[in-house]
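Got a structure for you, written out below as structure tokens; questions coming shortly.
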């Protein structure tokens, strides 16, 4: 927030974040809609799950952690229109969306980092402690998936061993908050570095199929 | 809120809404209690599920979406007393309550619409955007059932194909917000029309057994 | 808050409550971590469940019911550090923690009552009605376990017949709010009495294996 280096001068931080925020909301909503369609829900179920998935992360961030008035999602029509768009597009194109798999993975990897940063930045701006900012970032990035899994009665995928997903978000939020709070780095610079780190970690873990492991090994007591 | 037609003059909007709000809370609480009894929970489980079901919709509305101080439910004793009443009555009369099935369906159909309108109206009064007001209305009407199903580990019934329930609530909230925001209609008039539409749609869908269908047909890929 | 008896004069109410609050957060977080380890989650799953379990009760209290700005847990680093500590200790010592079973039961029984009182007191201070204060106390004491069970897809243990757990919390919160609101008793005195009652009821119910029973008996209709 303090010193802005010259190369950053013409990047509008707020607009960039709004775009990432809306992009993430769109992707979360579409992912919720497609999950609902696959679970053979009716169009109401698809509608509800689009909204809950699209709003989930932001609502946890604004309503549970930050609490500075009504969440952005309900005072700015753009968010709900984006979700409505994701809902309608998913209804129409769900048959052919599996062909976009590679694109979705790239956008998702980019969104994961960016959305973590959006949450952490919002928390810092409201005066939350740094550790809490990291936590809010993580929930902003992973909360929607958590809520979606709970609602459709599947064990939350981020809890179970698999490719680095939440781990990448945690690292990214840690880098962003660390650079800004400890290193007094420029927020835009920190945001870009953190987002790229998450992106790389996520893509590499998919490409090389890196897997996390259960904490409890077989030789432990149950 | 602007012009009040003569025939509406002696209907007190706030009192009417309080009555519907309390009626809906009572029904949601009783429905939660009866579900808990059927699931063989102990009296604590019945107690907890009565409260969570009774408060669920209103808490989502007040605490997640609107955020203007503590929810009404915890600053006005009437709400908790009504839930306590529903809890006690369910404990005593659960054996004979299935005889009231027809009455319950009628009251539930009336409450569904009224509660959607209550939520949408509260959202509009707090300055939320119209689309958000529709969403808050839907969650106010259907949120309690959603929370109840998640807590007792059943797949939320409103997600799955069935008779028009959430669909009726969505239509009703859309009519109310549309009339008030686009048509600048009187709020009481819009509320009555929206509630009656939900009531009719719900009763007809039960009578004729109208069913929604999964979005995904058998010929699609899974 | 009004008259403070002499024997209470040198007990600092706020400090005592902070200590109990942190102790309860630690225990809830450790309990969440150990559950996640047993469920074979990876270290991210253990991390997330530690935080959700540790913060759960307090977040429900502050963010859903009381709503006076950001929850304490995200504006005071002590809470998150305590959870981080519980997470790390659980990772290291989970193999030997079953040897501490007796200690954990004693501390848990003490924490259950204290945490209920902490929630009820916070609610009263923010002007909630007495009945709501009892409810907030119950959710403060039992909310973390409820959220933990929902997230790991197990039927919430507090709903089902078993030893007196939530029942003890309800009794304790009722005693505290009753003494303070009806009897105008000193808050510290009421807190101690309520906590001890919960502790005794819990320990006795474990020792003598008192069990609650389903409301629905076999001779009822399903």
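So that you can tell them apart, the chains are marked A, B and C in the order they are listed, and the count of residues begins at 1 in each.
Methods note: a contact is a pair of C-beta atoms (placed from the backbone, for glycine too) under 8 Å apart; a residue touches a chain by one contact, two chains touch by 3 or more.
Each chain and its UniProt protein: A, B, C = Trimeric intracellular cation channel family protein.
It should be emphasised that the depicted structure is a prediction, and the values quoted were computed from it without experimental measurement.
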Same-site or different-site touching of chain A by its copy chain C, using the half cut: different
Degree value of the rotation bringing chain B onto chain C, based on Cα positions, nearest 5: 120
Distance from the mean Cα position of chain C to that of chain A, given in whole angstrom: 30
Of all residues in chain A, the ones touching two or more other chains: 63, 67, 150, 153
Residue numbers on chain B that touch chain C, as the complex places them: 36-49, 51, 59, 63, 67, 69-71, 73-77, 80-81, 84, 91, 94-95, 98, 150-153
Chain C-touching residues of chain A, taken from the complex the two chains share: 63-67, 123, 126-132, 135-136, 138, 142, 146, 150, 153-156, 158-162, 165-167, 170, 212-216, 220-222
